[in-house]
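Note that the chains take the letters A, B and C in the order they are written out, and that residue 1 is the start of every chain.
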Amino acid sequence: MNARTLPYILILPVTLFLCVFFLYPFVLVAQLAFTKGAGFTMDNFREVVTYWKFPISLKNTLLLAALVVPIQLALSLLMATMVTKMKRGRDMVLYIWTIPLGISDLAAGIIWLAIFEQSGFLNSMMNGLGLIEGPVNFLSYQNPVIIFVAIALAEIWRATAIMLVILVAGIGLIPKEYYEAAEVFGASPWKRFLRITLPMLRPSLQTALILRVVLAFEVFAVVAALGGTLFPVLMGEIYSYQFDLLNSNGAAALALIVLAFSIGFTLIILRILRVPKGATI
Amino acid sequence: MAEIQIKKVAKQFGDYQALHDINLTIADQEFMVLLGASGCGKSTLLRIIAGLETATTGEVWIGGRRVDHLSPKDRGIAMVFQNYAVFPHLTVFENIGFGLRMQKLPNDEVTRRVERTATLMHIEQLLKRYSGELSGGQRQRVAVARALAMEPDVILMDEPLSNLDALLRMEMRAELKGVLADSNTTAIYVTHDQVEAMSMADRISVMHEGKIVQAASPIAVYRDPAAEFVASFIGNPPMNFLNATPAGTGKWAVAGQEFDGPQTGATALQFAIRPEDMQLGDSGLTATARVVEPLGAHLLVTCDLDGNSFRAVLDSDLTVRPGDKLTLAPQPDRVRWFDPETTLAVA
Amino acid sequence: MTDVATNATATASTRKAGHYVYAASVFLLCAWILVPLYFLLINTLSSPEEVNSFPKSFIPAFNLGSLTFFAGFEGMMSALKNSVVVAVMTMVLSIIIGAPAGYALSRFDFRGKELFRLLILLTRAFPLPLLALPLAVLFIQTGLDDTAFGLALVHTTLAIPFAVLITFSLFSGIPVELEEAAWTLGCNRFTAFTKVILPLVLPGITASAIFAFVISWNEVFAAAVLTIENRTLPAFLLQTLGEAPLHLKFAGGFILVVPALIFIFAVRKYLFAMWGIANR
């Protein structure tokens, strides 16, 4: 019977596809990063790291992630717990809260541009409330903090839903009996959240955090829409290496650095949030 | 002709030997039950006959044809699954007619057969419904009708009644037996329920740890079990076992009493008697009643006999109290003997 | 006795207050999501002059000026068309390639299964758009550069992990017994799949196809890297971000957002069942 060969036939297309369009380019990127003209060299890395924009783009990316990810984690946890208690209107609220999932990061950037730009809605509101006389140019180089805040807000707005979906699914898997047992034993709602929900959510939290952190390093279009060149981030720098400086070796080297950060943080999260064997639902 | 022959079939899953050297012949139109506890290999054997699993070694013959290299659809079989496997996206009519449509039978023939089997299984009023609207018992009837509509040579059933509640199970048992007796199909039925096996089978194959321990008619399996496993598995409450030591040629000492038994040179035997083959009498085994259960139709008394636990089924009119001393006389022709080492019956 | 009574009313009123806080927070969070979208709507439905004016009104003028400007802008409509073409190709490719693998994972135990699953998960941990860089060179060599098909191939790489994991959980939800029953009723493996499995998973597969469409529709970085003449909408908007007039940006953003909104609404049921579980 071809039941032995059939599974391999079925996974062949995907494996081939991923080899050609994932593994092979990955090898190419590594190649590009570690060569220059002829032989093996670390020059590209040196060049990229010593470029004046590197420290600031690294700092910006890390700072943004450090601010946005914890806020999103807390917010999505809050929203997930709120949603589990809901009865009427749950579907509608859930849909509204996950709308940002379908919104591209570029569109999100544009949306928040509408709020923050000079003739935008924030200015209009403040003017309407009598707080300011004329429009304030929020997104100018004179207000780096405001630009940072605008980008952070846009990111929080856009990407919380990603974590929310994973956490809602995770909470849904926790059997009600555990809460009821805890309640019978005298645990308050907050205690129940801390001692039952959070620990049992570990696998989902792990997944959600890893996903979010990896995506945080890829932040690009939102920044481009709101800050342009005023707020350099790693991904933007890769783009500029490739197309403005026409230095694909540099772009590749920087890409590998981004990858290293992603993997590094993934491993850290896996370690901190590791689930003991047998301690899952 | 749908005689089934299983020759030297063995099945291994990795390191685990699920079936050892199975040899069985099932006569045309016979109702054969494969009986055993979970994990004994009965479902595996059924699936090998069906073609859903392949045997590691051995041959399967159906109707004089060797079929072990054929896919299920080419073996002339139809199957009823434990969880019914009624297709959720089709109506009852389309479910029952599914196999017939696959055979490209003409529409009026399909309709005729579907309506006939649906009436047979008392679901003719449900033909337009979907399985989601049906109860478990109704879905089971659809599954049976679907198999019967194929008019197969062999019908295979994998614990079809085990997911039904007790009352429904009893009704369906009688119904199935009647329906299958009327059709000219060979049937193989897998179950762990010995009552089902006893009530429905022409012959029972008692299975244990991947082997067939005994294949015989229900009454033979009940009266003359071939091994201790069969003796203790069949019958509720189970058979009583006592140690027997030699007391002369053809004589054995059991709990201080002497009984006629097999003439062998063995140093020890197992004396076995069913609780329902015991009576209160003047001579026999002495026991002290411990638990008395008045079950209505009879009295179930669990006793202490010579340090062993011993059960007797007595007349419900008797009055027995815990602590009473009883003399229990076994019916002589119902006593059975087993070799404690091989666990096989000794004549 | 009165203490108990006052305690009871006290807890009752705190509970009521708690309910109000809860309802208010839910409302606020919904507003937080919807209001910015509303702002975008206002801008889209305003004339170009109104978009650039200050202060902004909070009611849309229902003027189609911006949208007509958008439609008439050089290269915009073809960018839109390109987005659709690439997204459709991605949708088709990711399902055709991914679904068989999902089926294999759910039905078979084969050597290398864990390795395969690892490969799929690996693609999620890696910033995939970065792969567009070397692929740009490869595409130039093979003539796929600046083509919809070339970009669709990259987008499919993005979408395939989802397609595999989602179809895996879909197929796993269908008992093997149904296929086995079909095999005993005259079907071979293929007809059992088409007549029994496919009708049951079709809604789920459609949902995951739509999901692949949205992923492709929204993707920016790879699109910007791999297309020059035949830009998709996000790439086009990115390119013109610096110089384009405001009303163009907003109208473009709106066009980006609306189809995705509709699609997510259509598949919202499956989103949680599949995305949540597929991500574990």
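In the analysis below, contacts are C-beta pairs under 8 Å (C-beta built on N, C-alpha and C of every residue); 3 or more make two chains touch, one makes a residue touch a chain.
Only a predicted model underlies this, so the values are computations on that prediction, with no experimental measurement involved.
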item: Chain nearest the global centroid, as defined over all protein CA atoms shown; value: C
item: Most widely separated chain from chain C, with each centre as the mean of CA atoms; value: B
item: Chain A-chain C separation of Cα centroids, rounded to whole Å; value: 15
item: Chain B and chain C, separation of their C-alpha mean positions in angstrom; value: 55
item: CA centroid of chain A to CA centroid of chain B, Å; value: 60
item: Where chain B touches two or more other chains at once, by residue number; value: 71
item: Touch list for chain C against partner chain B, complex; value: 175, 177-178, 180-188, 191, 196, 199-200
item: Chain A contact footprint on chain C (complex, rising order); value: 22, 25-26, 29-30, 32-34, 36-37, 39-40, 43, 51-58, 96-98, 100-101, 103-105, 107-108, 110, 113, 116, 119-120, 123-131, 133-138, 153-154, 156-157, 160, 164, 189, 214, 217-221, 224-225, 234, 237-238, 241-242, 246, 249-250, 252-253, 256-257, 260-261, 263-265, 268, 271-273, 275-277, 279-280
item: Residues of chain B touching chain C in the complex; value: 50-52, 71-73, 77-79, 81-83, 85, 87-89, 98-99, 102-103, 146, 150, 156
item: Footprint of chain C on chain A - complex, ascending; value: 3, 6-8, 10-11, 13-15, 17-18, 21-22, 25-26, 28-29, 32, 79, 82, 85-86, 91, 93-107, 110-115, 117-121, 123-124, 127-128, 134-135, 157, 165-166, 168-170, 172, 203-204, 207-208, 210-211, 214, 217-218, 220-221, 224-225, 228, 235, 238-239, 242-243, 248, 251-252, 255, 258-259, 262-263, 266
